[in-house]
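See the structures that follow.
Note that chain A is present in both complexes that follow, paired respectively with chain B and with chain C.
On to the complex of A and B.
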């Protein structure tokens, strides 16, 4: 082993400039790809936190069968009654791994400031529970800027009877602190409440800024004249179990005679923004990986071919004493492998350093479709670093092996007789 | 002569140059593919906004409007007199303005089929809207048929809203009709449980008004949040419903299209209207709130492109650097011989630079050739992908742009030349005697 490493070191020191260039290429490729992975990881975590905790979807959302689409248009038929809601909450609390379960009300109506009227879609939930979720470590780490208010105080601090928060655009349109909300209640009767605007917020999505509103569950119950729920949001301690829990819980509720759809948070029906954005990012990241890996592979092939050109006679001698072409190629690949491992390690370090510096500098940008700027962050982690390094080293190693094999497979006579240059 | 000499050297040492050439070629291919993708995305957005959504080139609205693009009959819309003045301005500046479409925003409650839902309404002049959409987007309905004239009495429902009120249509769940490329002009059957719906609105004067409309067709804007509440009416019908003659905004098509022509036309309109006593704001749509999505998307893709370009170009440059480092070392005798004849180091650097330029051009050519095979293949696949907030899948296509291709060629050739100069800098300054003694 020691003699192998000594040989390796000697070979690598033969042409330092070229090997340094190869080292730099692999390090740069690794750093670039890990940075890209960090960008995808950032958005995956942010949108997950927003979908589960800030959009009141929960880790799984329990709808009346067909209700995820129709609860807004036909609340009487596609929302839960008070009794159904209580049964679902009770069943949820009996399940292992459930952190919390809460009813959510969603309805529409007209908001008036006395002179003008605007349509809105409002969502009602427990403000105390919302506060708990916003204070979570993962929410603060990944989606803190989505918990900030444009102005005013949070619902849980409001002392008024019917506190509401208006999306930024709707706040501009209404421009009043006291508003009247009119709705056709869930059972078809018109109802209205006087509400107090306690804050304005950004939904994060430009198209929703002039129609969204949020309120306390109690205010929503008064406005929509119901004690039922549009859906029940269930929060698991381990969100990774959402899919299996959804299947299992749907069976539990079906056994109780409840016709429900239990939808995990990653489903496009409840998190279309998450699904759309992540599909796009994975497509981009995948394409870039292929492009960068391809160019890195070619750079490695270039380096190895130049090296083998210089070591024709050495290879010829080794072939003459019985070494097979594959064994020779493996030797070259081994050199590149060790070089790549070292380079990838440096590349990972560089990616973390650059990410740290970038994150600390709070660079902001506004992604398409977003209502406000968000911080440009890169958050690679151990798993992404390991995966990226392994892939880059593999690509470099395979490229080196194939390049060296081509030369090593030449006839011995040719290798021995070839001029060095 | 230099190029001949450089090309000859390249061919003579083809083995060493081959992989460097392939690195340059792969960098060129990667850049052309990504730039081609961005070109196609840009073309798609421009077609979507300019034609499909009838924004033309510029958007003209009252300067008093607080939310651009969102003026309603009772808040910030252009008066009847202002619109007439605008039409006379268009006539006076006629060669510059080729088309214009007036729009009206409105909202209210849609009732029928047992539901009562808030809606966001959009009305436009049918004839000029048809002309603005052009042949590709003239048929703008997913199911049913587009408006034929401003006298039509039906309405169009957004896809999501249609589903909410219980409408079904041919191919609804089995087929994905994508409006991004334009629909085939073919009637697709649809059925709504209620034959008509009542629109309940507040008129310009603040009075309640309601009218029934039959459903003529179903449209998709590509934005789920918008499709869930969109109602489209002919302008005449909307004005009658809202008891108004106002216009929320007018879009216009300019000779010469977007760019400086549109900006100049916008300025000309603003000044002409001001001379007539009307304060308006005319903006090319990319700079308007309507174009915000387009601008953000191109910026976002640009960030990705710059990142990838950076990595790929550095890697390609290092490949060229490695090749030329070896080349310069091996040809020390040759270069020293040339120096002994009187060639200056700068002239020998020039020879290597010419050789690198030839390598760059050859690599760019190979890369472009590879692209010419890959691109039709990619486009023929008909792949689609979901792009975040868009509800319809977007076709993944790669376009071609001659200016971008030339820029990429210039970039890779410059990079190859620069890398070779770095590699050759010290090598050509070795003393003649040492160089001639060197075995290479």
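On to the complex of A and C.
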């Protein structure tokens, strides 16, 4: 093994300029791919934190059967009664791994400042629980921007009876601290409350900025005249278990006679924005990977073909003494493998250095459909670095093997340069 | 060295070789037949383009005839695939090339060791002993760690001879082994080969067009226009 490594090292020193060029391409390709992975990781984590904790979906959301589509338009038929809600909460607290379970109310109505009236969609939840979630380490790390208020104080600090927060656009439209809210109650009657605007916030989505409102659960119960729930949000300690928990918990509730849909947070039905964005990012990342992998492969093929050309007669000699073409090709692939491992390591280092510098410089941009600018961040991690390095080294090694095999498989007499005499 | 009738290492039977040059078929060998017996020291002689290198390549299993049979110790090699041919080349044949064909990044010792790295039956120590012995046989024991670019032409060719012998082949093939050497060095190389032939019974078949060297061999096979005209 040591002599193999020694020979490999000596061969790599035979044409340093060419190997340096290959090293550069592999390192740059790895750095680019790991940076791209860091971009995907950033958004995956940000949207996950927003979906689970800031949009009140929970790790899994329990809806009445068909309720995720219909609870807003037909709350009487597709929302939980108080009794159903309590049974679900009780069952949730008995499950292993549940961190918290909370009812959420969502309804629509009209908001008036005394002179103008605007439609709204409002969501009511437990402010104290919301505060706990916003203080979470992962939420602060990945989605701190989404917890900031444009103005005012959070719901959990408000002393008023019916505190509400208005989305930025709706806040501009109403432009009053005291507003009247009118809604069709969950049982079909009309209901109204006087509310106090305690803050304005950004929904993050431009289309929703002039219609969204949030309020305490108590205020929502008064407005929608119900003690039921549009859905019950369940928060697991380990979000990676969401899918399996959803299946298992749905069976538990079905056994109790409850007709429910238990939907994990990654499902398009409850997190369409997350699913849409991540699908796009994965497609984009996949395309870039193919592009960069293609460049790396071509660079390696070019380098190996030139190297085999230089070592034509040497390969012929080795074939003449009994080496098979595959063995020779493995030798070349081994050289490229070790070169690529070293280059990928440098590339990973470069990606982390560039990411750190970029993140520290707080570059901001406005993605399509977003209400505000967000920070452009790259957050590669150990897993992405390992995966990217492995893929790049694999591509380079396979490309080298195939390129070398093509030459090594030529007739021995051709390699020796003795084709005709 | 006497021929032993029943100890033919290589037998060629009406071997033909044709090359295609565009639309034309060029015959390099036109039905060559001969045997090489154990212990012989044979030269293939002929002018440039006579077909001697083509013939050597076919005997050495690095080229295939267009028709005819090549038997190595009685085994018809035409039915063998590349893996089988490679095994025979490694275990039964040795090669000495005109340009030495040493691997420049390996020392003399490592170059000689190359064929033995395929022999899984040899332990590391056995392999190293054989390499050291092969280098001693050609008088280069003290130069084992040197790389080819620090050796003279004659020394490089002796390393190549050691590499050809280390696997204890039945037959050593040498294609114009002295062509790139001065006359003094060339005779030295032939001396080494003759000594190995005499003391260890190594069978040699080499091609040359050097008339002075032909005088030192025990058997000559003369080739002209792809045919054996004298043997």
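The rule we apply is simple: the second predicted complex is superposed on the first by the 417 of 421 C-alpha atoms of A that agree within 3 Å, B and C clash if a C-alpha of one lies under 4 Å from a C-alpha of the other, contacts with A are read in each partner's own complex, and residues count from 1 in each chain.
Everything below uses one rule, namely that a contact is a pair of C-beta atoms (placed from the backbone, for glycine too) under 8 Å apart; a residue touches a chain by one contact, two chains touch by 3 or more.
In this text, all values refer to a predicted model and were calculated from it rather than measured experimentally.
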Could you look at A:17 and tell me whether it touches chain B, chain C, both or neither (first, second, both, neither)? first
Regarding the shared-chain residue A:323, is it in contact with chain B (first), chain C (second), both, or neither? second
Touching A:272 in the superposition: chain B (first), chain C (second), both, neither? first
Once the structures are superposed on A, label A:412 by its partner contacts, choosing first (chain B), second (chain C), both or neither. second
Max touched-residue count on chain A (chain B vs chain C) belongs to chain B
For A:7, is the partner it touches chain B (first), chain C (second), both, or none of the two (neither)? second
Touching A:67, do we find chain B (first), chain C (second), both, or neither? neither
Across the two complexes, what residues of chain A are contacted by chain B and by chain C? 421
Note: in the complex, chain B contacts chain A through residues 15-16, 18-20, 22-23, 26-27, 30, 33-34, 66-67, 70, 74-75, 107-109, 114-120, 163-165, 202, 206, 223-226, 229, 292-293, 296-297, 299-300, 303-304, 307-308, 310-312, 314-316, 318-319, 321-323, 325-326, 330, 385-391, 396, 440
Touching chain A in the complex, chain C uses residues 19, 26, 28, 48-49, 51-54, 57, 60, 62-63, 82-83, 86-87, 89-91, 95, 97, 99, 101, 103-106, 110, 114-115, 118, 163, 167, 175
Applying the document's contact rule, which stretches of chain A touch chain B when the two form their complex? 17-18, 21-22, 24-25, 28-29, 32, 35-36, 69-70, 72-74, 108-110, 115-121, 169, 172-173, 184, 205-208, 210-211, 272-273, 275-277, 279-280, 283-284, 287-288, 291-292, 294-296, 298-299, 301-303, 305-306, 309-310, 365-370, 403, 421
Can you name the residues of chain A that touch chain C in the complex? 3, 7, 10-11, 13-14, 313-314, 316-325, 411-413, 416, 418-421
